[in-house]
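Here the chain labels run A, B and C in written order, and each chain numbers its own residues starting at 1.
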Amino acid sequence: MSEGGQATAVEFAEEEHGDALDMLDNPAERLHLAEATRMVEAIIFSSDEPVSRRALQERLPDNVDIDLVVSELSSIYEKRGVNLVRVGDAFAFRTAGDLSFLMTREAVQQRKLSRAALEVLAIVAYHQPVTRAEMEEIRGVETSKGTLDTLMEAGWVRMRGRRKTPGRPVTYGTSEVFLDHFGLAEIRDLPGLEELKGAGLLSSRMPTSFSVPTPNSDPDALADDEDPLTDIDLEELGLLTPRAQDD
Amino acid sequence: MSEGGQATAVEFAEEEHGDALDMLDNPAERLHLAEATRMVEAIIFSSDEPVSRRALQERLPDNVDIDLVVSELSSIYEKRGVNLVRVGDAFAFRTAGDLSFLMTREAVQQRKLSRAALEVLAIVAYHQPVTRAEMEEIRGVETSKGTLDTLMEAGWVRMRGRRKTPGRPVTYGTSEVFLDHFGLAEIRDLPGLEELKGAGLLSSRMPTSFSVPTPNSDPDALADDEDPLTDIDLEELGLLTPRAQDD
Amino acid sequence: MGTEQTNDSAVAKDPSPMDRLWTDDTEFAGTKDSSLVVDVQGFEGPLDLLLHLARGQKVDLTRISVLALAEQYLEFVEQARQLRLELAADYLVMAAWLAYLKSKLLLPKQEDEEGESGEELAAILQFRLKRLEAMRDAGAKLVNRNRLGRDVFTRGMPEAVMVEKRSVFSASLYDLLTAYAGQRQRTAVTNVRIEKRAVWSLSDARGILMRLIGTLSDWTALESYLVDYLSTPETRNTAVASSFAASLELVREGRLEMRQTEVFGALYLRARNTQETGEANHV
């Protein structure tokens, strides 16, 4: 709300709460005004920008007194958690000023995961435990360090251990957070080849040699050719700052 | 509450508060509730997506009774141009259904659902969790590639998990986006669900009660009834299951 | 609330392609393209066609003449074949089943008969038609509700990003799977060209058999139903060979039983009563 520019809560100084309706003696007129108020409320609510007086006039029946309706709506919302505000010659709903603290908190911007990151994530999920070299082999392109970092930062990918092969490359796998985010009870719930085909995600004309791996159901169990990560490994990888003496 | 529809007479002026407030004797409590209501109003109003109960709980003081506040808010908005609706375990403000005639300008071009897609969507919604094989059994035809894909892309259908049967087939169900889109508070609100269930039409197997119709099993039926099939109401289907004899 | 309003999307009126098919012979007789699949004409599979035929009887589905329905369907398939229309396999599976049903309904019930009686089979068919119709009606009710973005609208100017998800990144399972499938597909060398097939592959035959035996619990001659309806003269040999091989495979897996009373005699098949997937749970 604080960002509202010159927006000011619409003030129709002399008028008090609900006065507009009370002023009308004729029940039919009251009903008419009430209906028009609902319309204006819905229009302003759903519009993606402040709605001008003229725009309201165009969309409402001819005999509607826009000023009266707006003042009525404004008084209805006057003490609510949301107020009707005037921005120049237009109207909009804004969170009440005293509640703006509710809005700013936790306003974390969500970012869309890049295509490359999605691909890497999917490969880690299906092919885990998988090394970076293996990811590259599957994808056919080099995986940038940043992509993996992003996925680890998101908490979806974790280092599992080291492959017992020369160079002892780090193996990657998915985390609990990953399962949670994607609504999977267990990693085995990832759809297999037939399911992907059935859902129309994969062409039904894949070569017969094509396969989709089924990840091990226990994500924590190390494969036969995996060593666990030690603290030393983690330090080496820069993930663990050398221990300071506690207490 | 989700049925924000009756275009009946609206009396704004006198009904500023819902019932919940009136029920509270203690002025301090009333004030407390009124303030909490403003906060919830602001939070839900500010979002275009449904806000979950949990998210509300996290943002409000501990001693706030969310259910009470929401029901209060819901009654305040019941007859307004904007209604509070429940979507699964979340809440959102949506323009009132009876004002749709007014909103045509806002309407975004909706992707046309093919007959097949609509059929599959209905099957997923009413039979969930349902496997692809079961969908095919019901429709008597293979689901063409892309049909499920389209529904998943729209975000209405999602993979739910796997059936605990040999082959562990993936099961499908609907999402919160689906509920929101079709104005349903929960799956139980699907039109005609109870009747269909009662008629045994939601089971994957023919119910035993759905036995071979014997001649004259229904003495009240007109022999020369020529009603076209399209007039069959789902409720009437409930008559098909032989009634248990009353004692 | 919004159920009466006219709806532009989906399920408006049945196009009644059947009527065209029966009345406008010239259009079809003139069609030389034998690859024309009836599916394309507007039916969503054999059950849909049956439902359409059933409506022609103008009675409640419970009182419908299943025998007449089966005959109509078989006649339709016969016509289609004479017009050299290629019918999708599902239609032929249904034809085979209906031919079986018809024989059951016409023949007097034997004392030692196993499996469902003709009346029970007819009830199964009625149940399936009713269930499909119910789903179709439900779908129509669904799309005619007040829909978000068409009849009902959200806040046009959301003020804050409501973060429910703890995660900074947004991605759905669908996004993930699409990315994976797309990527694997790109890298897999897919220069496989599928020629228009004149043969039944083993997996075709298997699929068709599976669908067929799911509904047959009585001994059924492989040839008399399956091959008659499922194959054209040109594909008869390959159909027999593949179905035979596929049925042996299914016997081995314990899904099928096979019987032959004499050397070179007819082969009889029936499903082994395996418990299929349980009832769907409902919310």
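Going forward, a residue touches a chain if its C-beta (ideal position, glycine included) is under 8 Å from a C-beta of that chain, and two chains touch if they have at least 3 such contacts.
Keep in mind that what you see is a predicted model, and the values were worked out from it rather than measured.
Taking the mean of all protein C-alpha atoms as the reference point, the chain centroid lying nearest to it belongs to B. When each chain is reduced to the average of its Cα atoms, C sits farthest from subunit B. Distance between subunit B and subunit C, defined via averaged C-alpha coordinates, is recorded as 29 Å. Centroids of subunit A and subunit B (each the mean of its C-alpha atoms) stand 23 Å apart. Note: centroid distance subunit A to subunit C, computed from Cα atoms, is 39 Å.
The set of subunit C residues touching two or more other chains comprises 153-156, 159-160, 172-173. Contact with two or more other chains is made by residues 43, 45-46, 93, 95-96, 103, 106, 152, 158-159, 169 of subunit B. Looking at the complex, you find that subunit B touches subunit C at residues 3-5, 43, 45-49, 51-52, 54-55, 92-98, 100, 103, 106-108, 110, 112-119, 121-123, 125-131, 133-134, 137-142, 152-153, 155, 158-159, 163, 165, 169, 180-184, 186-188, 190-192, 196-197, 199, 201-206, 210-213, 221, 225-230, 232, 234, 237, 240. Put simply, subunit C touches subunit A in their complex at residues 153-157, 159-161, 163, 165, 167-173, 175-181, 183-190, 192, 194. By the touch criterion stated above, subunit C contacts subunit B in their complex at residues 1-2, 5, 8-11, 44-48, 54-55, 58-63, 88, 90, 94, 117, 119-120, 122-124, 126-128, 130-143, 145-156, 158-160, 162, 164, 172-174, 214, 277-283.
Those residues of subunit A lying in contact with subunit B across their complex are 17-18, 21-22, 31, 34-35, 37-43, 45-47, 59, 72, 76, 79-82, 93, 95-96, 99, 102-103, 105-106, 183-185, 188-189, 191, 195, 197-201, 204.
Residues 7, 9-14, 16, 37-43, 45-46, 59, 79-82, 93, 95-96, 99, 102-103, 105-106, 132, 143-150, 152, 158-162, 168-170 of subunit B are the ones that touch subunit A when the two sit in their complex.
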